[in-house]
Structures are given as structure tokens and as C-alpha cells.
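Chain IDs A, B, C and D follow the sequence of writing; residue 1 opens each chain.
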């Protein structure tokens, strides 16, 4: 009997299992293969807590959601069409999110009495009616994998470890994806562990074949490639990786070598890890004793003529604030990457939040301005990192680049930049003693960068107030006023080199939704759909530059009757905008649940606002 | 010949000399005596830089300004009536500030060729016309003191050290002040160094008598006591001292012992130094290895049941921000005192600025709200410190108390509180296991304070998000939203226990001047005088509570046509208010020169604003 | 404190223990509960203060008071707690990253001040919680996620750092020997002053076997020596070998000729024992390196407060405010 | 670097020196200018990096590159500078507060890593710049503005801390002996690796005479011993007394019987010399305590970069971005 293949446009799958079940690998494989197929996609990995919780518990559940589509998409999706639940805990934690009538694949092998107990379940949800209304596919994956790998030299424990590839195979079958990319990956990954490579290959194929053989599904699906995708070369990228690549590119475009001084912290550590691999680019990574040493080495490296950079998350940024002031006073280029996570304090370290904007703006002693930019998506993170390097070097200033946990670990297809179209912004390190003064200024108000080792430019810098031009320590009252204004104006001057952002949607409308950072996808998708499907008069403005704010925003705001500012915090951009643009009213829409907005939440909020309900 | 005594209402004297000349002692003695005479007064000591610069240089000049009056005053005055210049450098740095026709007393003994050279002067300003238009009194004080002390067992170097008491005596004569308080002070101070006591006494008397004998002055002055002073007991107090006393009082009013964990930093160090003396109050002061340890020990002490407190200045506050988040998450009482100084970075460490307001509000990772209050004057610092303790204990929260360098080192008469009228706010440390839950909440949304050592209340706290009521670690999304809102609402709730501030001046007017912190005096004085002398329609609103902002401000703002916000920064309160009260427009008036506003600057700005000129 | 007798179970909390299966932390937790039950302190007077790391989750599992602080700051928080209330038994639990990396400054100052804290440092030579980066105790050359080509950092010897900071009690134990952990912690508890205890701990996930050359039962006999006060410096399966110290150097001798170990000596012999770590041919030392009696910080602070209160009388707020130089108006 | 010959004057800046008259910093400044003129490094390749404190104003007075950092962070900034450009001669100037209090963590980690920096710590046992509070090297009991009844803190022994952190070059000198400063700094400059030099410095204003029992010319002869490689451990006005080390203890012997000093030994003898500070009956040691050769951090970082660049070829940005798993659309 041949099985029908139905075409679908947009699918969301969530893989969920125990921390040890390899759900992240499964998800990443599915993602890479799906990217090669040519779908647009977005992913949302969701790690539980930091430590591996005892196997089988709710706290130990690890999830990976992927959305893929034949058209452009902006988020990892709100509602899974398919949930793969590798054990009882994974099921109970996730099933409620699944679309009514959606598919739930449950590994019955991990629904024993003990499993139910560990998941704090009195009865078996596969049997007690919990899943009424879903299409439940119950398979004893443990048993199937053990069968498939009968005769393998692996221990039975290791055999069971292959069950994620079985599931992956099954999902490849269901969504008509090729096995080759994963087979190749396995060959490379386990080049030195042939047994493991074989076993996982076998499990993958067994899963794939089981689709045909066991007829558990009524049909297969197909999600054809995006048709109107912009032509170009694409590659799947995660946000932290994109930042790392962007920093390398930024340094090269400035004609500099990159120096990273950092201290590991979730969810920023990957950037350090990626850059540690890139020695042949002359990248130096120093894992320091703490965040303060991280930024201080970066300042010391910039002083020595490299492009200093430091990466961290919120609590680490808090520790760096005094040193950021030093970089502001000494006017050295520096890129500070903050991958935001939920707080305050240690908070929810593996969850997303956008709550470091005001810290970035104001979290330093005294008036200490610097430029701030935020990336919207994993791919955008590359461009933003390059842009941060540009500003740091052209304006001789520290720059904060805000990312967050959702971008950091999420993936999407990245349309690779054409190399010769990347902006060049060579750093002008001075060498000529004639007319040199440490705090002279160019047209951008940047001071000259004179690097130790250069004969004749010996000078002293530091954290005490500097005299205009000479850079000598000065306690002169007028000079302090002047320097304070120069520091402010230099940063405000960045406006001259950034474009006014473009509104997506109507030029004038009932509502403008203004966002920043990783809410981009949910807002874009929510507003587009409301316009498309219900003809709602709504537009979307995304801000990449949070400080200085681009020219022309005032005029944009004036064209809309109301302005809504959704943020994953208690009101930060809305507060900034309200202070800067008092002629308009900015309605804050916050969410602090450690999760991104769904497009549906955005749509519902917009509808409520327009109906005067909020 | 008898010398006429003229009555004056309001006098400003500035003592200026080399760092080693004892100008601060001279100023403080004049201040204490003047207080006892019953004048209102305000002082402004102005230390040069941190290190003793080479004697005689401009950088080494140390100044002390005192204003005293027969009526209430609010500032240390804009323009000295008398300048005492102990050497050439002191003269050249200060003479321009003196009122036209004002008196300049110059110690010609320190205007030698070498002195002029050190002061970078080509010619002698006493002779080259520089001082045309002033009443210059040139005395060789070195010689006079040497004469007066002929026969003293002191070395000639030590003899010269007494010259500041000679000057003090002269000024006592000029302004008709008694010598006794200083004589008593000398007796106590040099109880074990009789030679020094004698010499200084002699110098003091010699200076005093020289007024009569040498007839250098055309007349003497008298500044009679304030008449309408509020009845009560008064004492002269400096801001840092007042904070220290307020913290001790606050702890006692809460029924707690005070713990201070701190690290020295200008200009906050005095508070630590004062509190280190008060062991008999059970005050524990720990001078820690850095600012982070300072706040962390304070948190640890609050956890153990004391009232934890930490004192610092801007760069130190920057270092404490991560730990402040921990105090917010663990909801422990904590008072953080920030004595602001000019920045960014090391900046101008001995100069004033009010630029840590936004750092206090937002300088932490994630949404981490806490109450902020700022003191207006040295005496007000006592009340504010008590208030900070009250809020910390009643709301189980860290509180930031903002002072600044001007308040810290300035002095004024303090009308002592009636002890039985001080507010009591006993801390409610729980001991009953029945119904105890670490994160249960009372009517103020405060959680119960259960202190280690209490049987049956063993529990765990920390920086990870807490579950409502139980306080267990929770990654639940809804709980995180709830707790974020509770943290916000608890702090906003402080509004219920603070009064709406009162406007000084007309209920409705053309202009409202809104200030905070140490600009109080200049604004109060500037607005009062404009009303009094020129009938200008202007009122003054001073904000003690910066977060939460008191109820009723909106209605106040609505009653004025324009609102001006003078601040010693580039725009911080104005930004906050603009964000919070978008219906009004807040005009920022900033000064960042390391100096306080003068009342004249305020008056001129007000006039300009009302004339539409700014 | 009255001598209370608890059982290890009394020191368990109601929270599920959440380390990876096989993690060395489990053994340390159990041995700690066993030791603390015997120190004669009631539950409510014990508090465990930690930083951030796998090891720092420790307080959640203990049935006494607990404070899970922020990264690196446990020693500072604990200094405040102990100084505020010297009556408490305060234990710091920390990791090699938490204590020696970001927390290095507070650690050395706490040891210098001789605050009466018991500091247990779980040394797995790796950052466990952040999933496997080298730490300040990782051997040079270690390949980790942040040192893919081998770490270029030279490591601390934690014992040397503690000794060099002036710690008054310095010891070392290992997760594979719960009895030794227990006796070491009992000695630490009995010491009046700061006690720094390095505990070799295996991270099965990110640095498995880091200590295996010394930590397994067999290796322990041949490749470690247990420093116990008043005991001879002997080791080997049958305690047949001994160590003798001469002029800062160490030689292997017959057991009978071994020196007797005295951790209380003022002479810097403890460093000689730490130096064994650098010698391929000699055993690594476990047990008690140093045990000196010095005034503790918390007691000295209290004494000063008590002495001045006795001398001046309990502070009177009114007198503090109404000083002699006050004057009357109206 | 080519061998350049400078005069001390070449190393003066145009800025007025602003310490209190009589401050020990002047002598150190002069001796440092004299030493640095002789190390064969051109002015433009020298940079002085400091924190905050009286001592930390040092860079302003030197005619080379200079960076007056923030409090406690000089070692970290300098690590970045040196690692970014190992070709520079990087000197850290810091105080007992800057280095050992707030900067303690960076200090010990810099020493552990063996970054090729020369760290001069001016130890006046006080916070000078903030006008007289006790520091982590102040003796217990010292009365200062923040310890009016005597400090209850036990001090660090800076030499022990440096040794315990793994520093490869550890020395001590004193402001009253400019020649000794100069020779010590020349030895530090010649050492490849981190050099920690404690310099006893007198703060005339806030802690006058802190070192006078050892620092005056007479006291130096009788109460200090100069540790010089290959030289016998002798002291006294006529070098008539000697020291011999045995079993971690030290005894005074005739000069002829003195041990010869070897700072390069792996055995922990340097600690024995630091331990002299605790003994009333023995001289304090100056000179070179330890001098070990170990790979430096900055060189190791560079080697890894060079080796991988040689192996993989200079990184190609396009290849980094256009990986194999990329695909084509349109």
C-alpha cells in the first residue's frame, strides 16, 4: 500500500526528551537537513536548568522546536503540529502547547510505572484521557531500537542511546527529507568510533523505514522549498555563532586583529568557544579569571592596537560597568556583547529576557554614553556584530551589542553576504608625531589612536578627566563641561552614519508596533498576518540602533494613531522612547516568562489595543 | 581710635592656601564658632586633587568657603566678600570669584620670586594691577607670626605652621566673633603637646589683636544671630557625619544592630571612619578588600539578622550592581549609600556631580527595582538615612541613598531631632514555625525575615528565581511573571508611606523648578529671591524620593506653565520625569563642572526661561 | 553551643538532589552530612553559603539554613554572616571556578583574616555548570571547549595559594574516600579559624578521571600520603615507605625513618608537602597540611565591640546626637 | 628588540611630579628611570600601566607610553596589552591596596599565568591616596582612620602570596636603597616571565616609619639579608653572620657556614626566606626569593596562533563564512 504525500506549507515540530536523550542533536540534524532542502526555518532550543536533573523528571526535560516552511517565516512557531515525547515527563510538560488535533509521538518504552512516578504522574497520560483530541502515535522506541540493533557490539545502554536517531529517521520519513546529510554527519562525527557510527546509522534507517513498514501514520507530508527566497548562498546559523563570525569579519574589515577577553557565562559562552577555534585568523581569546578581567584585558589589547572585545550575559555586564567607564574616558574602541538572560540576579539563566537595555544605557557611574545596537535574529547577529565593530573603530568608543538567549541558541538560514559588498572601515592608527595630540578630534569627534610601539607618540591616558586636545589630567571646570559634552555629542553623532529604519506595512495606520531585538520575528509575523488576513491597519518598526536612536523616528511616530511596544521585560524601550519623544504615547506590552513572544500573543494584543481593550 | 562696627546680614568668606596650610582646620573653626554665635551658615570645602601637590603650585591650593547670615540661607554662597589668600597660587586661583570691591587678604610672605614661579606667575599680582578694584590687605603673616612667637620653643618651620591661627584670629576680630571656642578646642586637641597649644593660642590672639593694633581695616563687622530661627537645639554637622549618625539611629529605631561592609573611596570614606568609632553602639564596620566584598558582607550580615549597609561612591556603586541584584532577589534589607562624585570613570574624584541617579535606577541586569532617596543638605542627610533604614526594613529591600561630595563635606547648623519624635519601625524577625513560608508576603508585600539560629525556620534562599510563597527555586514561566510583578509592586508600594512633597512658593505659577539632592539650596535660594525681589512667578519642588516617585506629582506639575529641572549632570531626573509624566515637558538645565550651582546661575536661568530665551 | 547529636538524615532537605549520575558531589554530600551530624551544633545554627556552580547547589540539599549566593562571592557573604553572628557554624561550599577564579580575591582575604569559616572547595579542574571550560586548576594543555588546542594557562596549586594567603587550617581530601572526607571535615570543624579544604572531585561529564591517578583505592595507597598530626609520614600499600624532609627537599626513606608530621609548626613545612604535587616520583599529600592557632576575625571584631561597650557603656543615641558643642535657640 | 641606550632623563615626562615632599615614591621613580634606561628597550616600546593610588600616578611621570587605569585592574589591563603585543616591555606599578586589596584576584592570576609583566608593588602598608586607612599589608593592631582601636585584620605576607600563586620571579627591595632597587629591577627585566617586586615604601604622611626598623642604612645591615643568586646567605655590618636552612627551619651560623642562595631551585626554599619575616630573631630578606623559568602566557598564546596559522594557512574570511554545508538558491 502506498502512502499519500500531502503538501504542507508551514510545520512546527517539537522534540522533547530527557536531558540525556540527545534532543538538541536531533533538532540540529533535522534543522540542517531542512535547511538543505531549501525551506525557510527557525528554531528554538529550550534547555531546562543548568544541571542535569535526575533522569525522567520534569525538571530534566530538554526541548527543541523547529518551524519550517515554504514561505518566509519569522519565528520558531507558536504551536507545534507534532510533538515527539521521549518519556512521560517530556509529554506532560509539553502536550498542552500542541495544536488541537496535532500529532503526538510518544515513546511508550519510557512510560513505565517508575517513569510515571519520576514525572509525578498518578496515571498514565497515554491512557487516562489526557490526550483526547490529539492524534497519538504510541511506539515503544526502546524496543524498536533494541530490535534494530540486535547483534550490535554496543552495550544495551549504548544501544538505547541511539533512539534519538530512530526518531529522527521517523521524522525524516514523515516530512520526506533525505537521510544523506545526517549519514554524512555521523560518518564525520564518529570517524574514530565506527561502532557508534554504525549503530546510529542503523537506528536512523530503522526509524525511516518504520514509517513505511509499520504504517503508523496515515500519510506523509512534504514542505516544498521556499520559492521566492532571495537568490544567494545560504547556510544555517545560530546566533552565538553569527556573532563570533561577525566579530572576526568586523576586525578584518577594520584591518585589525580581534582580541576577546571573556569569562564563561550562559548563554554567551559559545561565542568564546567559537572564537577560540579561529587561531589562524590571528584571533586571540583569553579566558580570564572573571568578567572584570575579561573587559580589562580587552581594553588593554585595544590600547595595544587590537580590536578588543568582551562577551558576557547580564550579571557579567553588571560587573563590567566600572571598566566600561574607563573605556569611555580613554576613548578606546571596544565591543561588548551581552547575550541577555532572565533575571534579576542569577534569575533563570537558561531563559530569555530583553531586560538589559536600560543597564546598557545607564548602568555606569556618572554620565557615560556609548552606542548600543541589538540584533533581531541569528542571521542579523552577523551584520550587527560587524556594525558594532565599525562604530567602535570609527568613533573610538566602546559599543554594546545586545543579543539574547533566544537568538543565541536559535537557528535560521542565513543568506551569506557577498564578500566584496561588506563595508570596509579601516582603523586609522596614527604614526606621525607631527601635530599629534592624544585628545585632538576628527570630524566624527573621534580622537586619534596612537599605539604603544609607535616612536614619538609616547603619551599617557587614564580614567581621570582629560584636558581637551592635550589629554593631560585636568581639573578645570570648563574643561570638564566641554569634555562631557564632547563625549555625548560624539556618541550622538553616530546618528549620521545610520539609516532611518524602514517601517514594514502602511506608511500611516491605526497602530505602529515598535520592537527591538529578538521579538522581531513574532512582531513581524503577527503584524503581517493581521494585515494579510484581517486587513488590520498596523505597521511594524524594528529598531536595530537603541542608542543613539536614528534620525527621523519622531516623524515616523507621528504618522500612527497609537504606538505599541512589546518587550520581554517590564518596560524598557517604552520608557526610553517616552522620555525621548514626549509628543507620542508609547504603550508597553511586557512579558517576563523566560519565553519569547508568540506571534499569536502579538496579534491578540494588537487586536485588543485596536478594540480599545487595553 | 575706636573702630566702627557695621552690621552685615550675609557674609561669604573663602580661606585659600596651600594643602599644607591648614585651611580646612581654619574653616572648620570659623564655622563652629559662627554656629555658636547663632548665625545660619553653610560651608563648601574644596580640596584640590587627591595627592598633595608640590607646595605652592596652583594644583596644591585648598579652599574652604563659609557663608553665614542673620537669616536662613541655603547655600555656601556664590561670591566671596572676603578672600584670604595664604600664597600666590591661592590668590591667582581664587581672586576672580570675589565680589567687585570685596576684601582680599594676602599673605605677602608667600609672594616671593619662588612663590610666583611655582604659581606660574610672571609678575606679582599684588603689584601688577591684577587686583584693581578690590580692597587688598597685604600682610606679611609669616613675619607677624614669627614675631609673635619669638621665644617659642618650636622650630621656625613649626612656628610658620601657626599662621592659619593668626589669620583665624584676624577674621574673628573682623567679624566680631569670640575666641573662646577655638581656645577650648586647641586645649583639647593639643592636650599632650602643650608647646603647640601655646603657640597656636598666641598666634590666634596675635591675629585678633592685630585688627585693633595695625588698623589694617577701616571697620569691623557684626552679623547678628538669626532671629526667626526655629527653636530647638542646634549643632553644626557635615553630610557624611550626618549619614553615619542617621544609620546608627535608623538601626536603633528598627531595633537592630548596624553592620557596615565598605571599602574606602573618596568622598564616602568618612562615613566608614565615623562608624568605626561607634563600637559601643554595637556597630560593626568591616573594611573589606573591595566594594563587592563590602556589599556582600552586608548582605551576609542582613541575612544573619543585622541591618546591613554599604557606603561608596559612583565607581564603587558600579562594582556593587551584581550584588544589589542578589539583595533584590533574596529580598533582604540593605542600605546602600552612594556619595556621588564627578565622572565618568575616575573622573574628578574630589568634585561634585549628581550623575548616579540613572545608575541607581537602572544599573543592574534585568528588571531589578529598588527604592531611591536623595538628601538635600548635610542636616537632611540624617533624616534621609533614617528613612532609608525604615524602607529597607519595612519592605525587606535594598535601598539606595544618594548623597554627593557637596553635602558630604559641607556643613550647616542641624536642628537636632526630638528623640521621642523619631519614627519607630521595629523589624519583625519571625520565630514561629507555624505557617512560616520564606516567600509569603505581608500587606506591604514584604516577605518574612527568618534569621539563621531560629529553630524550625531552616530554609534556603539565593539568586535563582524563587517560587511565590515557598521560595523554592522555580523555572515556572507564570511564576517568573508573578514574581517580577511582585518585586515591582512592592517597591512601588513604598509610595503609600511617603508624603507628597510640598511646593515652596505659589500653588500655580509660570514656572516650577524641580530639583533633587544638593541643588536644593541653590534652587530654594534662587527662587525665593526672585519672588521676593522681583516678584517672579516661580515655585520650587524638591524631590527626596526619586523612586518610587511620590503620589500626586502629576497634579502638581499640571499647575505650572513650565517646568525646569536643574541638575549637576547631563540630564537624569529630567529624563526620568519625562518618561513618567509625558503630559508635561521637563526642561533640563545641566552643569557638569565639578561645582555646585550658584543661586545666581539658577536665577539667571529662570529669568532666561521665563523670557523665552532658552 | 550545647552538644547536640544529629543523624545525617536530619541534615537532608526536602529537595531532590540534581547532579549528573556518577558525579563525585554525591559522595561529598553524604560524607558532609555524616560529619556535620557529629559536630554538636544544632541544625538551626548551621548555615551553608555557596556561590554558583554545580558544587554550589549544595545548600539546597542540606536541612539547615542555606544561602545560594552569586558567582565567586560566597566567602564574602559568609564573612558578613559569621561576623554578624559568631555563634553560627558557617560553611562555604564552592568549586574551583567559583572559589579560585572569580572568587579568588575574597578567598585569599578570608583566609588572611582568619574568619572562622569552613571552606569546602570541590576541585574538579573544570567549570561543570557552564558545561566544560578549563578552570584555574586545570593542568596546562587540557583541551576543553574554550581551549580546543590545549590550555596555555598554568594552574594554581590550591594548597600553596591557601598557605601563601595565610590560612590557618589547610587540608585536602578526595571524593572516593568518604571516611577521609568525614574525618577531615571533623578536624576542620574543630579548628577555631578559617579552614580551607580542597576536595578532589570527579566530574563524570566534562573532566572524567581527572584525579584517577591518585584517587582510586589502589592509587591512593601508592601515590598519596595522608598527613595526620603526630603521625609518621608513611605511605604505600603496607605503609612501608616514608618521607623525610631536609633543607626544603624531600627524600623517600624506610617507614621507620619517616619524619613525624606536625601541621602546627611555624616553619614552612606545609609548602614542602604541597611541593610533592610537582614531583613525579613522590606521592601527593592528602590530609592536614597546616593547623595554626591565631585570633579569628569574627571573634576579634566582637571583642572590640564588647570591650568598648564595657568601657564606654552601651551607646546612648541621644548623647551621640546631642553633643557638647550643641547650642540652644529660642 | 635592538639594544638601545637611554639616559634616565629620556624617561622623564613633562609632567610635574606630585607626591608629598619626603614620600618614598620619589626615590623609586628615580631608580626606576635609571634601571629602565639600561634595559635596552626603546622608549616607545615601554609602557607603564597602573591602577589608582599615590603610587599609581607613576605613569604620568615616565616619558614612555603610560596607562593610569582603574583601581585594582592594572594587572588585567596589562595582561591584555602584553598578550596583544608581546614585543612591548610592560611594567605594572601598583600599591599594596591597589594590588593586594581590590586587585588581589588579577594579581594572583597574572602570577599564576606567568604573563611576562614586571609588577612593582609599592608597599607602604597604608592607603595613601584616600588619606590613611589600613591596607591588607598593615600589621594587626595598626590604628588608622578606619581602625581607631587597632586593625583586627591579619596581614598578607606579599612574598608568600606571590610564591603561593606560582609567580616565577619574586623579589623585594626598599625605597632607601636606590642601588638595590635598580639592580632588582634589572634582574626583573632580564627575567622572562612575570616578575613580582615588593618595594618597601615610606608614606611620610599617613604611616611614617612603617619600615624604619629595617630600612635605614644601619638597620639594613643588621636586620636584613640580601638574597642574591649564587651568593652566600650572609648579613651583618661586616657580613659576619650567615643563615643555614635545615628541615624548613633556619639557624644563624658563622658567615663561612652560610648556605649559598639559589632562587632557581624547585624546592620550596623561597618560603623559608619569607618566613624570616615572622621571626623576631632573624633578619628580613630582601633581594631575589625565586627565579624560575616557565613558559610565559603571552608567548604561549602567540605560539598557538602562529602554529595554527602555519598549519591551516592564514584564515580566509570567505571560507569561514562560505562553508561546505551552504546551499544555493536562485
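Observations on the model:
Simple rule for what comes next: a contact is a pair of C-beta atoms (placed from the backbone, for glycine too) under 8 Å apart; a residue touches a chain by one contact, two chains touch by 3 or more.
The structure presented is a predicted model; accordingly, all values stated were derived computationally and were not measured.
Of all chains, the one whose Cα centroid sits at the greatest distance from that of chain D is A.
In terms of C-beta pairs in contact, the better-connected of the chain pairs A-C and A-D is A-D. Annotation: 39 Å between the Cα-based centres of chain B and chain D. One simple way to say how far apart two chains are is to compare their mean CA positions; for chain B and chain C this gives 44 Å. Multi-chain contact residues of chain C (touching two or more other chains) are listed as 52, 70, 101-102, 104-105, 109, 136, 149, 153, 301, 304, 308.
Contact of a single residue of chain A with at least two other chains is seen at positions 49, 59, 279, 289-290, 315, 322, 325-326, 330, 345-346, 462-464.
Interface residues of chain D facing chain A in the complex, by the touch rule stated above, are 13, 15, 42-45, 47, 49, 52, 59-60, 63-70, 73, 76-85, 87-88, 105-106, 109, 301, 304-305, 307-309, 311-315, 317-318, 320-323, 325-330.
The touching residues of chain C, counted against chain D in their complex, run 101-102, 104-105, 108-109, 112-114, 136, 140, 149-150, 152-157, 160-166, 245-250, 265-269, 271-272, 274-275, 278, 294-295, 297, 300-301, 304, 308. Interface residues of chain A facing chain D in the complex, by the touch rule stated above, are 32, 35-36, 38, 181, 225-226, 229-236, 245, 248-249, 252, 259, 261, 278-284, 286, 288-290, 292-293, 296-306, 308, 322-323, 325-326, 330, 415-417, 419, 452-464, 472-473. Within the complex formed with chain C, the chain A residues making contact are 49-55, 57, 59, 263-266, 269, 272-273, 276-277, 279, 285, 287, 289-291, 315, 345-346. Interface of chain C with chain A (complex): residues 16-21, 52, 54, 57, 70-72, 101-102, 104, 127, 129-131, 133-134, 136, 145-149, 153, 205.
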